[in-house]
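Alright, structures below, take your time with them.
The two complexes that follow have chain A in common; it is paired with chain B in the first and with chain C in the second.
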Partner chain A sequence: MRTGHFKENPGQLVALSDSRVVWTWFAGMLCVMVLAPFLIGNYGLTLVVSSLIAIIGAVALNMLTGQTGLISLGQAGFLAVGAYSNALLLTDYHWPVWLTLPASGLIAALISLLVGIPSLRLKGLYLAITTLAFSFIISHVILYAEGVTHGPNGVFVKGATIFGYDVQKGVPLYYLVLGLTVATILAALNISRTRIGRAWMAIRDHDIAARVMGIDLVRYKLLAFAISSFFVGIAGALMSLQLRFVNVDVFALILSIEALAIIILGGLGSIAGAVLGAIFLSFLPETLRLFFSMFADEKSALFTDYVYEIRGAAYGVVIVLFLRFKPEGLIGVWKDARKYWSNWPLAY
Partner chain B sequence: MRTSIITCAAALLLSTVAYAAEPGVTDTEIKVGDVNIMTGPAAFVGKGFALGSKIAAAEINAAGGINGRKLTVITEDDGYIPARSFQALTKLIEVDGIFALNGTSGTANVLAMMPLITEHNLPTVVTEAPAKLVYTPVRPSVFTFGANYEDAFYAQLKYIHDNMEGKDAVYGILRQDDDFGKDVEAGFNRAVKEFGGKAAVRVAFKKGTTNFSAEMAQMKQAGVTVLANGGIFAGAANILAEARKLDMKIQSAGVWSEGIPASAALSAPAGYDFMVADYVSLVGPANDKFKVLAKKFVTDDELSNISRYTYVAYIGLKTLAEGMRQCGKELTRTCTIEKLRGLKNFETGGLSAPISFDNPLQLSGTAVGVYQFDTKANAFKALSEFKQY
Partner chain C sequence: MTALLQLEGVTKRFGGLTAVNDVSLTVGRGEIYSLIGPNGAGKTTLFNLISAVFRPTSGTITFEGKNLTRAPTYTLARLGIARTFQNLAVFKHETVVNNLLVGMHAHLRSDPLSAAIFWGRARNEELRARERVEEIIEFLEIEDIRDHTVGTLSYGLQKRVELGRALAISPKLLLLDEMVSGMNLEEREDIARFILDLKDEFGMTIFMVEHDMGIVMDISDHVCVVNYGRKIAEGRPAEVAANPAVIEAYLGSKRAAA
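Entry: the complex of A and B
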């Protein structure tokens, strides 16, 4: 029988979950995900792959912003670094994809240290602007270092195979992305339970107090940047595999804004929230499209002339209403629902 | 008898299977996809384009369709974001099952869709972003209609050199720091080199820049009299507004996106009779005839959205339809591509130069005409016929 928060040994304290029900649900969900290619069509699979990549990016940003309290608007830049590293190493240097993927993460992590150093003295909006400036520098470098990056022409990504399978499309891409998503989530969950994770949270809550407690701010802030950017770099590399083409326009500022929106909508600081937020925002446009095609009369002038504006406005309205009535994010909804069913029929 | 029935049934089944394998085509319908910018600041591009597709499809269907099949255009929004273009085309191919593609959004967007286009051997006519990157290297199923920015700028600067400013002109260029900007500068370089003119200022700026005060002060300081204005939409208007603030006397050559009513309205207050070069006609009898045709199929509200993007969409779909028509009843992607590749002097009713894809690049419509905006009349006037540069 579960005893709420009561733990009997240190092992239970650091376990990802002590509930058999949770592990059963997790295993069941994983089974569904493994079987997904046989249950949904190619378009559905494309959407799922996009949302899984968004999950990796969101979980990574959550480490930096949600757990350490360092606001970043440079995600598009780190994504671009990862995507370009992967594309160039694959296409121009003919590295195997199993090597280009971690290399993309490592390159993004190393470059993030350059941004991380000024961040040691900056917080809040000042840091956000610094990271935003980093994004601009990255796109500048891509455009002007033509000899290496192909400049504004972009790069067509090809030659990504693992065991003879083309991992740039269809089921092989899906399994690759699924595997890396699960690995990222598990890594994030485990890091948050280590000394590093707890140090990040201490820095987020009060950096001076954290310092007084003996936490090396330089080390842990740089670690937050490096580890987060490593995973964002991998997300960028996966994006380049899925799109099969990269250029600077692919990594517009809107991506950084969307990444922040995902973790805020999901519930800042929560890994599960980042996952829910990524799923929610990835599928919201498609859900709205289906909704409008089901209920709107396609012959009406209003629908035919303004359908895209209506859908765009609905997208914004859903987000605004959500934040207004559920400021704790999707994870709050999830917790409420769990509490309701746990206490049913005595729910209050 | 029994053998004959079985043979007939097998043949019928085989033919059905073979035909059913061709996506987007039924006995009564052909589906054509359009990925476009329907939301965001550049939505008027997509709206104008969608209107052209609608008019072309309505006209074709009113005349009995393509060999008896009705043409249906399905539009998907990409918001001008390449990753969304990829997703939109995936949806059009996998869910809607389109046969061919007409609308392809911007350059980066069509490049992001290119792997899908080639993988599915999708007959595609690119009319919105006729950049060199789209037709080099040549992709078998991709046909490009339109001139490049290099020719468009060269044409305008040549007109200015021959008819307005002469040898003493001082040239300046403001262009985006991307592939599009590089094309603009290529036209500028070609003109300056050929005319032996003085290129006093060259400035590259980031897409989305809105303040050009420093750049224009630099132009004024250098005595620039001919400006290659590589800004688009509000950017181009802001550049001219800065020039007016500084009371500069310039001839301005611009991008064809400035030839649409919404852009012209933004630039007009600066009071410059600026120029654009385009591979579709902006004014003239062909345009008047098109508007009469459009009235039959669209609302008055939609008529006000007609722009150069409407003309390019119309031409693109009519061209694609011609390729399909030539295939007869047995319509396949391979056949359509083959027929498009053989297309020669296809008339567009004067909206552009005739279209021929029978060349190694599968590229047509490269002739451009030069137009000037008359601020007093609030309208464009044609300065030259379509010409190859």
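Entry: the complex of A and C
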């Protein structure tokens, strides 16, 4: 049982964590992540990169939906904007990749303001429908603006180098994505402990009281849209680097639903939850594959034949199970476990 | 005593219903001013007008000489007007500390970029806000619940957190909407003591809507009575209590009874 932990100066009150144990774990985890390319194979590395990108997307969506309470089904649309911006700026305009990445984020943020303004008076389901409509509009615009976007042909992504390293290849891509993931998580944690994060939380919990406390709802809702979409745009750009080819079909509605599933599984409103949820859901298909491969040939063949159906069904089952048995999500499981062990062997 | 808040001919109509009808009143700096009246008299509507949640149909509201009639709600905190709500309006999924910190919003400046980096100015600002919040926590004697989620607290404590959040604005004018309803005697006495301390130690002006006549009569400097949206009496507590129009509003007249 941890005792004798006192706050001795105000600096400890605003710190992300004032516990040495937490920082040590964090440093240890970061070391493992930095050494990961030498520990796991190429296939493993690809999986890890995908899940890191999922983390960026989930942390970003959590700002909008979890922290501000604005339900968005437009994640796929913003990912598409980010991916296409990055792909086109790299391939057609030959911008350097260190410029296209932030530019993709900024373009997504600007477009999110266009969605945000008409959505300001909407809440809940109505907003969800508006954002859903947005993501359909985006895919149609991409399809029909052939002159700019290459329409149905899609775009091959090439020419992404930083200091001579091709950041579309395994290890350099991994380090780029890892760095951006850590930066995104830190930015999200920092924003949520300042007046901006608290204003979002206030809007989510009681918007009239938020206004009386001096929070300009228009400004902070738009800010939530813009900051969230900035990071979603970067996640989309990284997707385009990893996939090497983007077209509209990549950004189907299922992506938006997966993103929502991630933050619900992780625990709505919690940044750590979004991270856990993203890891959990990215490795779920792989776990399923391993599970099916334990059986005889016909059963594992079943998995290869119906991989998308089985994956979709598994997402559904997992969401239902969580909503029924652990609505606080993975972060709730984690908190319970921590409480149990920190008090062990006492009950409380 | 100089005037802090002035209402002149304020009227609010909701369709055919006139909730507040031509009310004029003056709240002086540093006083405790109570607004009373039977249920549905328009007290809370008047409060919503002053805190700019609604806009008056006609009439003007001035605070420290500034016209508030068309001011957006969110600008009031910066001017120094804070309020609590009749039905709890706390941020129930957050901790007590975070609830109080929201009250500091109007005094903080950090922009998205400096917030994301959380270094230098943004951090210093948070530190100062946190220290100020600790003072309020100490004043309201809620040290032991500071890290609790507000939704899990008892009703009386949630009300106290809501009061703390309003205090974090460092208001000149504090609007309290039925602060002690649903509280037990001990909690009510605590609140009465806090209100008196706020007036005496911090020179705050308090404007409250209250049904609890005990508190109103004990601590108010001025009392205003409204009925059917109209002001029917105003004055010292004892004068108001003896006013025949007030007695009629609350108890009915002899003629009506007969």
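In this section, the second predicted complex is superposed on the first by the 312 of 348 C-alpha atoms of A that agree within 3 Å, B and C clash if a C-alpha of one lies under 4 Å from a C-alpha of the other, contacts with A are read in each partner's own complex, and residues count from 1 in each chain.
Everything that follows uses one rule, which is that contacts are C-beta pairs under 8 Å (C-beta built on N, C-alpha and C of every residue); 3 or more make two chains touch, one makes a residue touch a chain.
Being a predicted model, the structure only gives us computed values, none of them experimental.
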Contacts of A:Arg244 with chain B and chain C, given as first, second, both or neither: first
Which of chain B and chain C A:Gly154 touches, first, second, both or neither: first
Touched partner set for A:Leu323, first chain B, second chain C, both or neither: neither
A:Arg211 touches, of chain B and chain C: first, second, both or neither? second
Touching partner for A:Leu284 - first (chain B), second (chain C), both, neither: neither
Contacts of A:Ile40 with chain B and chain C, given as first, second, both or neither: neither
Interface residues of chain A shared between complexes with chain B and chain C: none
Touching residues (chain side chain C, partner chain A) in the complex: 51, 53, 72-78, 82-83, 85, 89-94, 98, 101-106, 108, 110, 112, 115-118, 122-123, 125-127, 130-131, 134, 165, 169
Chain C partner contacts - residues on chain A that touch it in the complex: 10-11, 13-14, 186-187, 190-191, 193-199, 201-202, 204-206, 208-217, 223, 227, 269
Contact set on chain B toward chain A in their complex: 38-39, 43, 46, 77, 81-83, 86-87, 90-91, 93-95, 106, 108-109, 111-112, 114-115, 119, 133, 177-182, 206, 299, 301-302
Residues of chain A that touch chain B when the two form their complex: 41-43, 46-47, 50, 136, 139-140, 143-144, 151-154, 156, 169, 239, 242-245, 247-250, 252, 254, 301, 305, 308-309, 311-312
